[in-house]
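Structure first, commentary second.
All chains are identified by letter, namely A, B, C, D, E, F, G and H, in their written order; residue positions are counted from 1 within each chain.
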């Protein structure tokens, strides 16, 4: 610990980074950032912009950058992006995916992880794009190769069968679907790898807002595990944990 | 009316049948039987055995036979069948479909309707057999040609595609499915005729007992109309009304 | 396929229409339009304006016009109508039904289908007008003759009985009702043709937003099939499929 | 109080009746009986047999007879009736209505109330008989004239219109209906007196067990008040309170 | 009928009023107004402003005034009041109750009904004022004497007991309560007349928006009938029907 | 630890008690018993008999007796009591409260705790007796003085006010109520000490099985905390923790 | 009473305070303020700003200050604070806690209560701060010492264990948690004092808005009592009642 | 195909096995067995005994043995085991796990798969044993090494931390928990591998039968994917798919 404190004293280490290393988290005005999560849980901590002011988002993003070299923010609005861009150093690389409503910022010296594994992300329609984009953002941040297969609704089986090879080539699949949520079941019937279903909050009337999709996926007559409605970030991270397990095994295979 | 009453006096017409013709229904100890329903609604009145004693079932079946020449009973147990067989005349033809839990009794002089139209009944698995059987019973009673396509679950697309010609040959389809209830959506994506979905009360936990199937069918991203959970009789009758409309049109009957 | 590509090369066929013919769908910035749906499913693909920007609506409407000669848009706002009118050719006929919030655009060379069949659309009150209008729009687009019977709530039986002849003259009926949703049951008790119930999202408190109407229609003591709350487009299309089956049968009847 | 105690001492008054007059209730091994309720609330206290042993039912019935001269028991099984008959005096008049599952016992010296008012009880089908019977039992016990109008389901409007005069002659109506529960709405549209709806726990699948009927009655587009599912006793008592208010007013009318 | 038409021709009767008398309703651009409802159902038709434009409200109010001499509008906003005031004749008396959000307009020649009966309206807190005001408006419009007893929540029994005489003096009571909705139960335990409970959409979290109040009233251990959440108009009308029955009986009118 | 093991070797300590002291729990064929819970949580661990065989109940009761000197079993049937009585030593004192369905067994050398604090347990009716009995059992086992106030339903305020002194004398109150569950609210309005509400699974139809009572207590317009439906043991233990805090403070133990 | 009225006449007592002392409440244009609640219930009456206009909030705050010397307002917006500050005397001390959205105003002569007891308030994350702040405000107003332990989510056990001493030092704990709501269970497993759980309305999709947290706390496998979602004020007051009982006992301990 | 048929003709291949190879499934009186599922989906097809007669279970088990060499039956009763044991050959190895209610039968010549991967199965209490046992059965059948960690409820953190090494050693974890279902969240906070949560249908009252556990897991503040309530077989299979992906990668099989 002494070394750390001396580095701080010498100005070689920011107090933020020192706190992150010692306590595992960073305290900010906008709440704590769980800097040790990636190490402890093997998955990056995301910052949920929804329900926070742009200033709070920028504060937390800075804490993340300072302590881990990277910040991943989900459900960002334009104002959040502007706020982050204003506070970060010019050398920081900020990528904003509008469709996914995600922002990834990286310090120049950040070494992104690389996994030797592929995750496919499959959607039923354009309404599923934001959720799938969130999954893609975190999977890419974790280092997986991401394959997108979009607009393959169950009411048109031909579209799905066209992508059979890509579906089967992936090590793990995230399948997002709203309305009746049957797509993960149909896809899981075609592959022999883990499929993670994400219900999307589309639909209306009885079973709307993803409720029918969630219950349908939980009732699936094939093998699926699911996450909550619109939880693209969770699904992507879970897929990333599988991808890393596979990648680590590959790396250890002689 | 006088003629009717004279026929009753002469013993040429039973009081039951006379009441049915005059009032449209028959009063029994076990409740009223809506004898005029077939004429008024174009669909036979079914007798639901569930919740009635075998004696009540037999009484209502007799009233149906007396007033319309035929009795259709659903959700029958063995005791109901025995009770009906005991009270009816030898000349009455009693057919008991064990899987569908239905009983159809016909007087020797009963002229069954004949429709020039085909209804397909599609199921996802053995658990859907009872519900599909109920639909088949009423469709056959209405005179439609019934085509059964069973065990074609969505987790195995190959099974469905094997039956494409039969699916497309039908004038109307009843598709029964439990669990996630995606089969009607997949089938409706393959045909250009009306599809009526019937959720089946299978499944467990969240969305069990047909709830996921019902909400999934209501959220279908294709065109379906649905009936309540396990309502095979209603689905079959609705399909029968479509079949009769088609058959009448084929016969040139405007 | 070669012919098609030559036609494109020669400028005789737009790339959009060629894609539609080859792949069955058209890819736009605003998502895919399922151009083959009408052929495959026998029902036109509708464009749901809700949740899309006017620009996206206009893009998809153009894709629909280019590939099928017609665009049907539901739940349009004034801005959507303006956006479509701005991008389409002068020769395109644009009809906006304000009450139904629908827009139908047709290229000058579009040959609308004509069915020899009548569908009645029945409503309980003014609150059901938008939903019924959606059903009417798609039924008319499919070529059926549409008969409107409005404002016939169950609390005033006289109003319903006044329309008995019109109700019985239809080949198929769509009945929209909010609040307690009893109207389809009462209507179905008066006719011998298929009745499709549409719950409408009126009502308040317990069972509001169409929930009571939906459960009441599913529990109907007569024969109905239903669609989801406010799904006027689905109900209309399902009725259109019945109407076409009847019309085809009539056409084939000697 | 002294008089009462002296009457007890003299054996002219049972301790039970004395307790009832002093405290307003009677304490038994099977719980308290609210003897003062009829006086305080204007409505007799019913004893719910369901969930009690026959011995407990008999004990409470005895307490009721001792303290008020009458016992009203609902949802009785045969064993409950036998248990009551065994413990009560020969002079006590015990009436068991099998269909309503009610039992009314009266001491020989009991003076039943008489109201100058009529309540109609209307049902949609045989499944509503038990609930309606409970309402009838309490209404008769309160002294109202009860008019029964049974089996008038909404799917057959003719049956309802046949009873228009009887419906309009009543001072208050209790209308019981299961499934979609539309009957109270239709009836209330025909009369200008208070209608109390009772949902009945029939139906199956979505909205079954009276849930659709309850929500439909709460959403009624006409004027109704309702009670809980199967609460025939409550509906009957509420109608009885209206009938008594009318009767009292008639008696006071110069 | 001839007389009516001659009166129209002679300008003695407006076409609106003639239509109302002949058909029972008046057709306007904003929908139909059920002019015969008061006669048929014994209760005035209310115009619900919510969900209508001020112009539509004014149109319907005019139709009501023309055909029945009076218009009752509920859930009015300031704009609705302004719109009505603008279109109606100076001689029309317009009363706007801000707390109740109701408007009552009366033609100079309108003869309001007078009932010889009193209805009490009881509330638990200020949040129930709007709902109770709606009930009061319709009760007064029906001619009943209205007694208001406000702010008597169950958490302070003393407040309720202070009003015992007023509670017992009423012929019928409407009790509005939000949150846990226990007030109608407590009140009904103190009187021997009909109590109608109105759940109010207050509360938050589990059971909020009136859901706990509704289920609590339906489960009441005393005798109540209830209306839907916030249905002050329905509760008031139902109480008005009771009040009129009592008043008619008092008048000796059989 | 050595001492413990030597005591075991010397036969002075049973292996069960040694395991309990070392590991905090005892392993049996019927699962683990959390012997350290009373020390850690300050509340005795109860054994829930429901869902276990009598033999399993007896095994766990023995483990509890061996390790803590006492066993508390809830929701016992007669067979469970018999099974426990058969396996325990004669010197063990076994108390079975039939109404509460609880069993408390104590070794002869067990020193029960004694608290200088009083808890009142209040119920609305006989149906709440079992739940209240469970609370009483655990409160007595924790050493509190328990005051029972039964049958004080909200529909009869007089009964409640009769007990005002007893209600105010308690340091903490557990109030159990089914149906509409208003009793805790009314009681809490009368005292200035903590009230813990327990919804009881009575009631039927909408809001039955304790659902209305739970939501009503959560919505209470006064100050309450609640436990789950029928959770008499939890409510009693929570009240016991309050009683002990008060008792400790009284004893001057800081 | 005479003395009071003379004091009013002499201008020594405001009419508000006199009404409060005589009637227990103060009547204002914005509703009644329950001035006697603190005395009767031992807990201060809070003024809920949500749903009231700033003027109404200021009126009620004035009534509270006049009658009790203090006003506690929850869920205040900036406009409410401004309105209160404008109307109150300069000598009044107004404290606005922005995070908790609470306002506490005290007259210069107000003697705040002091309790010899400590309450800990524990939160899982920043989203729980408002709810916890409400609890803190009322606990401080009741005179308890408040200990805050923030940001100790269950996904990082280390953070919780760091605070073991503080958790165990409190006499009573309020634990607020959203999402899955597991924190109160984990905390209750570590202490032997009463824990009150407050579900917070975070989360999304299935179980969102505090529903999962509420049901999880009700199902807790340890001993908890709970309040409704976001009911920080209720939880704080209930904890305050426990704290006062402990404090009173301490004061009485010689 | 000819070869297959010749082998059947020569008696070298059973017709069942031939059908399985050609069609992918085997048709029996008790429904179809999906023999190709293991190949297609990489997961064995389980036979659910619940809802089938012992004879049907035995028939399907025989079909499974004939076509794939192994049968896995879940939720077996003693009668099912007896029925299977009676029909299978002596050489077949039948293993019945009573706690898990599973049966695995293997032909003597069956070569079980072997995976180089470990799955941990973690439970909160004895009530979770059956669900966890089902997961273990399928994981072992798929060839994974299974590590059981039982009885580590969240109310006693010490128990969990005792198993940290075992938790971290697994490649994938299945965590079963009933009541509030917090265990998977706590476990997932301690490991960096995929965790699959299984809600168990314990609990009572609000959120009982696994509903609170399911919603809690879906709301988890860490990263989890979940399966439906009690879906131990699905969770085990999903974990098996992850284990096989890891094992294949370890084997260097790309």
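Details
Everything below uses one rule, namely that a residue touches a chain if its C-beta (ideal position, glycine included) is under 8 Å from a C-beta of that chain, and two chains touch if they have at least 3 such contacts.
The shown structure was predicted, so the numbers you read here are calculated from the model rather than taken from an experiment.
Considering every other chain in turn, the ones in contact with both chain C and chain H prove to be A, B.
Using mean Cα coordinates as chain centres, the one most removed from chain F is C.
Relative to the C-alpha centre of chain G, the farthest chain centre belongs to B. Each chain gets a centre from the mean of its Cα atoms; for chain D and chain E, those two points are 29 Å apart. Each chain gets one centre point, the mean of its Cα atoms, and the points for chain C and chain D are 50 Å apart. Here the CA centre of chain A is 62 Å from the CA centre of chain D. Multi-chain contact residues of chain B (touching two or more other chains) are listed as 40-41, 125, 155-156, 188-190, 205-207, 211, 214, 218-219, 222, 228, 231.
Applying the touch definition to all chain combinations yields A-B, A-C, A-G, A-H, B-C, B-D, B-H, C-D, C-E, D-E, D-F, E-F, E-G, F-G, F-H, G-H. On the chain A side of its complex with chain B, the touching residues are 124-125, 153-157, 160-161, 179-182, 185-186, 188-190, 203, 205-208, 211-222. On chain H, the positions that touch chain A within their shared complex are 40-43, 171-172, 188-194, 196, 214, 218-219, 222-228, 231, 234-235, 237-238, 241-242, 245-247, 249-252, 254.
Chain F makes touch with chain D in their complex at residues 125-127, 151, 155-156, 158, 204-207. Within the complex formed with chain E, the residues of chain G that make contact are 24-25, 30-32, 34, 37, 40-41, 51, 199, 201, 210-211, 214, 228-231.
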